[in-house]
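Just below sit the structures, each encoded as structure tokens.
Presented sequentially are two complexes of chain A, the first with chain B as partner and the second with chain C.
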Partner chain A sequence: MPGINADAPGSVQLLMGNEAFARGALEAGVGFAASYPGTPASEILSTLASVAKKMNLHAEWSTNEIVAMEAAAGASFAGIPAISGMKQNGINVVSDFLVNTGMTGIGKGGLVVVVGDDPSAISSSNEQDSRWICRWMDMPLLEPSTAQEAKDMVKWAFELSRELDIACVVRETTRLAHTRGNVELGELPKTEKKAYFPDTWNMCQPARSNFTAGPFGILHYQLQQRLAKAPAIFEASPFNHYAGPDKPELLIITSGICRLFSTEAVERLGLQDRVGIFKLGTSWPLPEKLVEKQLSRAQKVLFVEEINPFIEGSVMELAASFPATKPHIDFYGKRTGHITLFGEQNTDLVTGALAKVMGITYQARDAQYDKELKEAAKMVPPRSINFCAGCPERAAYWAIKDALTLDGRNGFATGDIGCYSMGFAAGGYFQERTMHCMGAGIGVANGLGNLKQFGFTQPVIAMAGDSTFFHACIPALINGVYNQANFIFLIFDNSATAMTGFQPHPGVGKDATGEQAPAVDMEALCRSLGAKVEVCDPFDLKNSTATLVRLLADEKPGAKVVIMRRVCELVRGRREKAPYKMHVDPDRCVGDDCGCKRLCIRLFGCPGLMWDKEAGKAKIDEAICTGCGVCTDICPQGAIIKEAV
Partner chain B sequence: MEATASIELYTPQKLRQEVIDEGLCPFCGGCAGGCPYLAQYKGRIVQLDCCTLSEGNCYQYCPRTYTDMDAVSQKIFGVPFSGDGIGVAREVFLARSTDAETREKSQDGGVVTALLSVALAEGIIDAAIVTGMSNNETPAGFLARNVVTGMSDDKTPVGLLARKKEGLLQCIGAGYETTRVLSALNSIPKESTEKLGIIGLPCQVASMSKRKLSPPENRVNMDNVKLVLGLFCATKRWLEPGEDRQYINEACSYCWDLTAEFADISVGSGRAKFKDWNTVIVRTKAGAELIDIAKAKGALETQPIPDDSLAVEKKASLDKKKRAVKNITAKTGDRKNLLYLGLSEAVVDKLLT
Partner chain C sequence: MKALTKEPLNVIIGGVGGQGNVLMAFLVGGALVNKGFFAGVCDTYGTSQRGGPVASHVRISKKTQYGPLISSGRADVILVIEPAEALRLLNQFGSQDTVVITNSRPVYPSDVSSGKATYPEMDELLQAIEKFSAKLTVIDGTDAALKMGGSIYTNIIMIGALIGADLLPLDRESIVQILADRFHGAVLDNNTKALDKGIELVRQ
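So, the complex of A and B:
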């Protein structure tokens, strides 16, 4: 199969949405790509990184989203087309910088922000509609519906950002990011790129640089003036189009992946002659004339979009300005409860909404189906979100649980997102008691650790992963040292950004393209800040528990750091064979009886352990067990035997 | 992982509610070790996780859960529990070790070390579970089986398996600290066939007696325990070394037993009058046989205990029983509710007068 950089205009490739974004960037002549991993947007950067050398492109995993965004902007300032992809949380992180690029402009390179929203928060701690940033920061917003559009619109977004001198936002949602579609390739530019920062100091005409934001209020006005050029451009955009009868009974206004759900819903109900679909690819600012024209087709409008009523609100705002002589329009959507205000949309949901608006009785399937479904569901064993077999984070959580319990002062752990966020569930023994954004565990601990004067005696363990440490924890750690907050900062150092697919980070010694890179020594860094640092192997439960217990009892104020260092078992498994062959001695295993009560399966919960119902004993699931050997140390009967391989 | 319903009251929780939270736990270690849910740590029993058994060893063999004293006494001595002074005694005398090194290292006369040495040498037992000092262990459930066999500078009492006289000598002087003897016993693999000797405080000997009455499953066979040596115990306890404050465990004020009445042999100090001697109470046939051998091997030097000294022991022992019953009834406010103490009416009447 030809690569993502195939120089084959007109040929068709089956591309994942995120790959299509990458291809679009390549066709736009992108020279600089920087991101921090985050589902559902991670593959944009990894795809670009895979062809970085061949395409003379700089691709990097940055320490966090704002650094990525700033780096990309720096390239654009110097005339190099630049892109940064991120998940919805990333938009929050970069917002402070982006609002300033509105003031300064983005240089001659062109700057595109792709944001992947995760409706239903399938791989997120929150659900959020990132489109709003375009309204409050005055940025143009594009919403592709298909992989083809993803490719084409990203390419166009570069042109648009240069034309308006504003960063252009392209929004995708999970289904577009991760489904594949046919993409007809365009041409790859052949021109050489030359980077140069134009606004240098001129001693004869000393003046401020265009790239310095504020404190001039006029800069905001100038931004609004630049953005005001967008609607005229959007009026003619092929990414906005209408399909359906000239005068439908109902007009659906939709964007993004919801256009496909809407089309399928109309077909499913056989309403092709009665319902039309106006698909908006340029969602902000609204091409008002075009929208007004489409609204004149029908007296009933249904909005179909994912998460917030963004287009719904803008269009109704516009309709409110229409003269009273215009025919009244009934609007349906999230405001009326026809479309949910949260979660992913799908064809079923949209079909239900459409049927309701059209007064059609619709039942997706007969009642018998649901009955049988219920029965079938009973056959699926209940499962909780859990760590992989052999995960060092499970072992670390076991130590955290035991240490806090032994300490006996109702201590608790605060955390954030990453694999270890599964500590909020049974897999991590419910030890994670707060979970918010990247770095929040240690941030929150800075508050909890300084409440002594209010009689607060509960010890606090703040947790973060290694990638998160570099991303968002260092200022909070400095704060803990400086303001003498009393907490233990525990870093799960598994040498990977495991949750999003093993992207490298500053600590691992490899860059985004797989080349050797300097590894930042987190241990030395923490020590240099004045924190007491201990390094534990989480597989050594005895030592890691004892270390935590000892540090919990240490009431000297100030942050203490415990690095739980053990490479992700999946990464290890790819490099080398299992260290141990595991088996259960059935004579020693007491199963459900006193002295165990199925500790390994009921509580420890490694998926490599299974229950032999007939024998009433534990056994090893050899297909899943990674041979880490940790369960040997939790078995009270010494029944789980590890043999060195 | 399975969801755990918490409606039923499970064993460790019952133990916590009825014993630990009620201030009755003497920290004997009988519930810990061999159980991943309970750990002995810094002067407390810590429940590490939720066990979902409704019947468990921890509750059953706790010396502070209900104990039918007559049944226990019948099992060990063939007579009901009398509630008299020092309990069932075949013989009481003063003794000391004939070994100079043992005497020098020991607190009193070194009788315990001498008896265990003889028991090991004669093959009466293969291993003695005694008090030793070792690393300040952080128990974490998974450590249950790790019976410590070494020593270190960090003085924390632990249960040790001593298989040689040298091992015993290292353990001398640990004295009256509460220890991890029983958790060490619980940690011995159930298939072990080693003949065992145990040395314990009265609460630990009481827990042992409950095991003898109704042997636990999935633990080392109680028939392997050939010898139970009891230490006299007043009511003072200290936290483990490393803690700077000294305190008296409230639980000890509810303890009835000064002289470890359910042991094979009980050993205490000769008090001030016979410094460097031990008071020895021989209670069972097994105990008497060991004493005979020890004397025959010349390991023990003995002398009769004077009547006045014996009277002091008896009075002190009876006083402890009376004080316990008084304290318990004061706590429950009910003369019929003696918490763990299953005593006959007659004995209660005797102790309350």
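So, the complex of A and C:
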């Protein structure tokens, strides 16, 4: 199959939404791409990085989202079209910088921000709606509905950002990001890119100075003036369109992936002659004249959008300004409870809402069939959340659990987002008790570790992954040293950003394009800050547990760092063969009579261990076991045998 | 190969994380686009990507790009590499008209190993799938794959079963072509053999 950089205008490829964004950026002549990995947006940068050399493009995994955004803006200041993609959490991280680009403008290159929202928080710790940032920062907002539009709109976003001199935000949700669809390719530009920061340019100087306000107040005014040009451009955009009868009984106003759910819901209920759909691709600022024209079609409006009532609110705000002589419109949506205020939308939910508004009864399938099938399906066992077989983080959590239990002072662990987030569940023995944003584990520990004067005696283990350490933990570690907070900072160093697909980070010695890069020495960095640092192999359970017990007992204030170093099993498994061949000695295994009733399977919980029902003993699932050998050390009977391969 | 039997034709390709069903959906989707169809391929997964239930929704149309997710009762074909997942998917997306093709080899969840849950008896499971679908075909895909040299071939054998069952507007050559874009040499040969094995098994 031809690649993402195929010079084949008119040909059709099956592209994931994120790949389509990357292609659109290539068609816009992007020269600089920087991101931090985050589901559902990671593939934008990885796709661009895969063709960076061929396309004369700089693509990097940056330390965190704000560095990525600032780097991209730097390129745009020097005339190079630049893009940064991120998940919803990322928009919060970049916001402090981004708000200032509104004041200064973005240079001549063009600057596009793609944000991937995750309704239902499928791969996140929240389901924030990132669109609001465009209202409070005065930025234009585009919402594509299909992979084709993702490509076409991101290309347009570059032009728009140059025209308005404002960073342009393109919002996707999970089902657009990760759905593949047909994309007809456009042309790739052949022009050479040349970077230069204009000699006389001072970005903080307002263009006009006959104002009494300070320079930044004037710059805000000038930003509003620039954004005020957007509605007229949006009025004519092909990305806003209406489909349906001229005067429908009900008008659906929708955006993004919800346009497809809405179209199918109308079809499902056979309402094509009674319901029309106005799809808004340019969601902020509203093209008010166009919206007003669409509203005049019907006296009933249903809003269908994902997460918050963003369009619903701004359209109703506009309607409130209409003269009293206009016909009254009944608005339905999240405010009226027809569309859920949380979670993903889908065709079933939209069909239900539409049926309710139109007074139609609707059943997805035969009631009797549905009832009987639901009953029969109860035999399907759940498949619950767990670490992969041979995961070093499972072993580290086993050591954390044992150390905190041996310490006996009701200590606990604080954490954040990554594979190790599974520590909140059975897979990590319920050890992770707080989970917020990147780096929050150590941030929170800075508070918990300085409560001695209030009688707080519980020891705290703050946890973070290696990529997260570089992303968000260093200022908090410095704070712990400086303000003498008492906690252990445990870093799961598995040499990858594992959760999002093994992207490299500053510690691994490779860059986004796979080239060698300098590796930042995490251990030396922590030591240089004045923290006590110990390095453990999590597979050495005895030493890891003993180290944690010793440090927990150390009541001297100040952050203590434990690096649990062992490469991600999925990364290791691709590079080398299993170190051990495992088997269970059935004569030694006591099965259900084991201290904790199948301790290895039920408590340790590695999926490589299974239960032999007939024998009533544990056994190794050879298809899944990765031969790490850790279960040998947790079996109290010495029944799990490892043989070096 | 048949023409497109329904507009849109809704196919779910499911299994357990790590079995390769995301690749299956990608190959089928790519072959459809090469044949001039609109294909929408959406992978659904929870946080547990390895060992968790994973299903890809493939929506095929001659006319337009359909939304990413098949809705309740609207799956026309369910193809799975793990039999319990067939009933899970049938419950979510199936109807009396759904055609099911499943691999026979179960993958036991950790909750079953630990004693917290039970895996149904195979007869009981297959009877339920048969009762609530239009047609059930069981393929000994893993067994055939192991004979070919590894369980890794199971997913391509199952694609063969899907093609051999004449449910999609795709022929053998359209899959061979897309396999050739991705694999070369011995790997391509083995995958082509796996495809043919699946076609043979479903037609037996």
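Basically, the second predicted complex is superposed on the first by the 616 of 645 C-alpha atoms of A that agree within 3 Å, B and C clash if a C-alpha of one lies under 4 Å from a C-alpha of the other, contacts with A are read in each partner's own complex, and residues count from 1 in each chain.
Criterion: contacts are C-beta pairs under 8 Å (C-beta built on N, C-alpha and C of every residue); 3 or more make two chains touch, one makes a residue touch a chain.
Fair warning: this is a prediction, and the values are worked out from it, not measured in the lab.
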item	value
Chain B versus chain C as contact partner of A:Ala376, first or second or both or neither	second
First (chain B), second (chain C), both or neither touched by A:Gly408	first
Contacts of A:Asp633 with chain B and chain C, given as first, second, both or neither	first
Touched partner set for A:Gly595, first chain B, second chain C, both or neither	first
Chain B versus chain C as contact partner of A:Ser384, first or second or both or neither	both
First (chain B), second (chain C), both or neither touched by A:Lys581	neither
Broader residue contact with chain A after superposition on the shared chain, chain B or chain C	C
First, second, both or neither for A:Lys229, with chain B first and chain C second	neither
First (chain B), second (chain C), both or neither touched by A:Gly605	both
Common ground on chain A, meaning residues reached by chain C in one complex and by chain B in the other	382, 384, 386, 597, 601-602, 605
Touch list for chain C against partner chain A, complex	16, 26, 29-30, 32-33, 38-43, 45-48, 50-53, 65-69, 71-73, 84-85, 87-88, 90-91, 94-96, 108-120, 124-125, 128, 131-132, 151, 178, 181-182
Complex interface listing, chain B residues touching chain A	1-4, 11, 34-37, 39, 41-42, 44, 46-49, 51-53, 55-58, 138-145, 189-191, 216-219
Interface residues, chain A side, partner chain C - complex	1, 12-14, 122-123, 146-148, 175-176, 178-182, 257, 260-261, 263-264, 268, 346-348, 351, 364-366, 369-370, 372-374, 376-377, 379-386, 388, 422, 592, 597-598, 601-602, 605, 607, 609-611, 623
Residues of chain A defined as touching chain B within the complex	382, 384, 386, 398-399, 401-403, 405-406, 408, 426-427, 541-542, 545-546, 549-550, 587-588, 590, 593-597, 599, 601-603, 605, 633-638
